[in-house]
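Report on the following structure.
To keep things simple, chains are lettered A, B and C as they appear, and every chain counts its residues starting from 1.
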């Protein structure tokens, strides 16, 4: 799946490019000829009304669904490129270093918080245990690797403020903490590209703020690019560098948060107005848009990392 | 050619019996997602109910018509299978509803052991042969069709039609489908879920009872261990046809019956069950949801 | 019929009325259930015709038991149970494990090590046979099988209903290879395990893609196929006649237990000939095999592969999102489980000296699975206890000759063995759906090891 240098198709600052992707479920076209790209080191947000196809985009990118048509290219920091649509889900995580969370949290509820983070380091640990054989015989380097894995887990638990719950079953955590744990678990696989499906859903304002800090530090300290689905506009506006807007499976807007926010098509989509009525209500909408953007600027925390 | 038609007819007869048992598996699986392992033994209880009723009728009521006798035997088998199935559901499955998924499977296996051993203990381990009831045989262009085969196919058609009507056209059927889709929501909408599930068990069991009576009439013998093999075959049929699908169960039953009789006829009778199970495995590997089952897409 | 139907806190005479009504209802139902099967018995007369025997007395007794039993359950046991449950719910903490509990493995091992000697000392070599062989060895075989299946079902959450196939592969591998090629037990034991694991991979590869109950069906089908092949491939397996004269295991080739051999154990030590020595030897062999199984399972659980199995049981999709190759992970669980089944099979053949397809029916798979689930999936200790209770318990029934004095000389307790086994399965499961030991021990900890209550663990989809 590695491409020769002359076949390289992504420019250096691109990390992911989706080209003409279409996904059909029987008669339903969930994604229709979608193209966009995400830049290295940026937080790209994918927004759109319910049922627009955002999660489906994630599932295609991470290999859980195979797109009916189109290409998905991913470029790692070492220059290796991957055709994600040809790879199976676990290879996408293992080789292309794309990691994800789920809209409906999927933790291993019966395992402890710590174990959840250890499972995420499976491939690394498998190697150091000599694919179980050496580890079974008590091989020294494996023991060290196992300790290191626990330290890595501890690091991420500190990042998400959950060290004190390390030995409790993951199913016992409150919702907000489960969401954070899922992000930490995804990070423990050592990704270069992280896809988060509605990480702020169901969080209270304080938790939501903590999440922003977490995501920023993930991007800055760990050299990870993010793709983010989010309904909470304040989160989107505050932390994303680039926003892609979907409606009925098609892209209707693409640009900076500011640009998208003022795009009449976006506003129309969110207010549920038909395309041909856009002009009629444009004026009205602009007023609303203004208000919204003011609100958000006022709502931004001080010490914004950008 | 005659040989082939002959074997096909035998296969269809056998397949009808499997199909009727398979309905019980498929309905229960559809509604509570559980493999009801004791269903084959409920079928066996049906054969024994019919057997005992046959003996009662022959010893008490002299000179009763065969048709009337068959009807009474069938009715007895239906009543006994349904009653037992209802009780089993109440004591062994219902308390485990919503708990650990393997728990009801284990109680079902336990119940299957209980039922076959119960009959072994109370009725003895020997084969129980009865004199043939229906002996008439027709010869159609060199192919022999016995009246009992015709009866079995006819009864299957009648039962299936009645069943299909109940499941698709009545409010009971609607309640069943609603419970199947979303048990909690169905309960919120005022459907008595427990009762619906009970009725599902009883419906499946009554078909198994009919199948039991016909099995006795066809083969003229009953044994306590008769639940297992037909049970497994019928279950195989249900899965082959696509578990949860009623036409699928019948189709699966017919296919299994045909495979069995044609394989015995043309290849080797010893390996007929191997053929059945192999075909099941192959179908599932290439079409995991069975022939008529809806494919499941994992929603992520 | 469920105690749950009881409305909370009803005045006691209402409750009495209610209990009486329930009892009456139970009587009616049980009358209906039993009237044909118990009230009448089909027997053959001298002319080999089926006739009916009447047993109304027995029917009355059963109905009376149902009535009284139901009354007791509703009026006394139900409320007591509810009260106990409430009391239990009040103290939610998982109890900290006492010294005894923590070292139970060592204590059990010690007890097992002295068990055969103690039996010989207590009842003499000849009488000890029954205890060492029928109880000791047989239970340990089931423990080993159940521990092997536990890797597949309990840890990886894959429902395997055809486990006995691998047991059969192991048994026939040993029996045939030792008979045809004269290889010894100690060469064939590992080989039998490897062959079984190999079959595990061959069978597992196509089917492990299947989800949930389909896997159960296909494994059941494979189990049956292997049994049917054993029955019908008469040139090699001698079909239903079985393979007899399977060589005994030797003490690492140094001493033999074959009666005629020069290096016969009893001869070498100048002891009286007795089959007890062989059985005692077998006891230690299977004990060692169980110990190996336990150690390997515990170690594997603490390794990435074992953790991946448990994660797989919890959520397969999440596993894949973490880069875990679920097919190979399942396959390792399946084949390692199969391997232990193969070991146990080889041992079984050496112990019996005779094997036939009869020993490898679906029934056997069901019993092993029942032991795993009743013990509490994933818990080695619970499974061992379940094996002792279920296998030892039904074995005990053979002993209950005093029942003959109660029920008359015609009464054969053996006949009721499986009936009671089945009933016990149902009752234990209804009372303890998560098995005897339902807490999970985490494989790693940061501060302290806390057991995970079964309320959180999932049981797998496959």
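Everything that follows uses one rule, which is that a contact is a pair of C-beta atoms (placed from the backbone, for glycine too) under 8 Å apart; a residue touches a chain by one contact, two chains touch by 3 or more.
Quick caveat: nothing in here was measured; it's all calculated off a predicted structure.
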Centre-most chain, if every chain is reduced to its averaged C-alpha atoms: C
Pair joined by more contacting C-beta pairs (B-C or A-C): B-C
Cα-centroid distance, subunit A relative to subunit C, in whole angstrom: 46
Rounded Å distance between subunit B and subunit C, as computed from the means of their C-alpha atoms: 29
Numbers and ranges of subunit A residues touching at least 2 other chains: 64, 102
Junction residues of subunit B - those touching two or more other chains: 298, 300
Two or more partner chains touched - positions in subunit C: 317, 454
Residue numbers on subunit A that touch subunit C, as the complex places them: 62, 64, 89-91, 93-94, 99-100, 102, 106-112, 114-115, 118-123, 125-126, 129, 132, 135-136, 150, 153-154, 157, 163, 166-172, 185-186, 189
Of subunit C, residues touching subunit B in the complex: 1-2, 4, 29, 32-33, 36-38, 40-44, 50-52, 153, 159, 206-207, 209-211, 213-214, 216-218, 220-222, 224-225, 228-229, 231-232, 317, 362-363, 366, 369-370, 373-374, 377, 415-416, 418-419, 421-426, 429-430, 433-434, 454, 459-460
List of subunit B residues in touch with subunit C within their complex: 29, 33, 35, 45, 48-49, 51-53, 55-56, 59, 76, 79-80, 83-84, 87, 90-92, 94-96, 99-103, 105-107, 109-114, 117-124, 126, 128-130, 228, 232, 235-236, 239, 243, 268, 270-271, 273-274, 277-278, 280-281, 284-285, 288, 296, 298, 300
Residues of subunit C defined as touching subunit A within the complex: 296, 299-300, 303-305, 307-308, 310-311, 313-315, 317-326, 332, 440, 442-450, 452-458
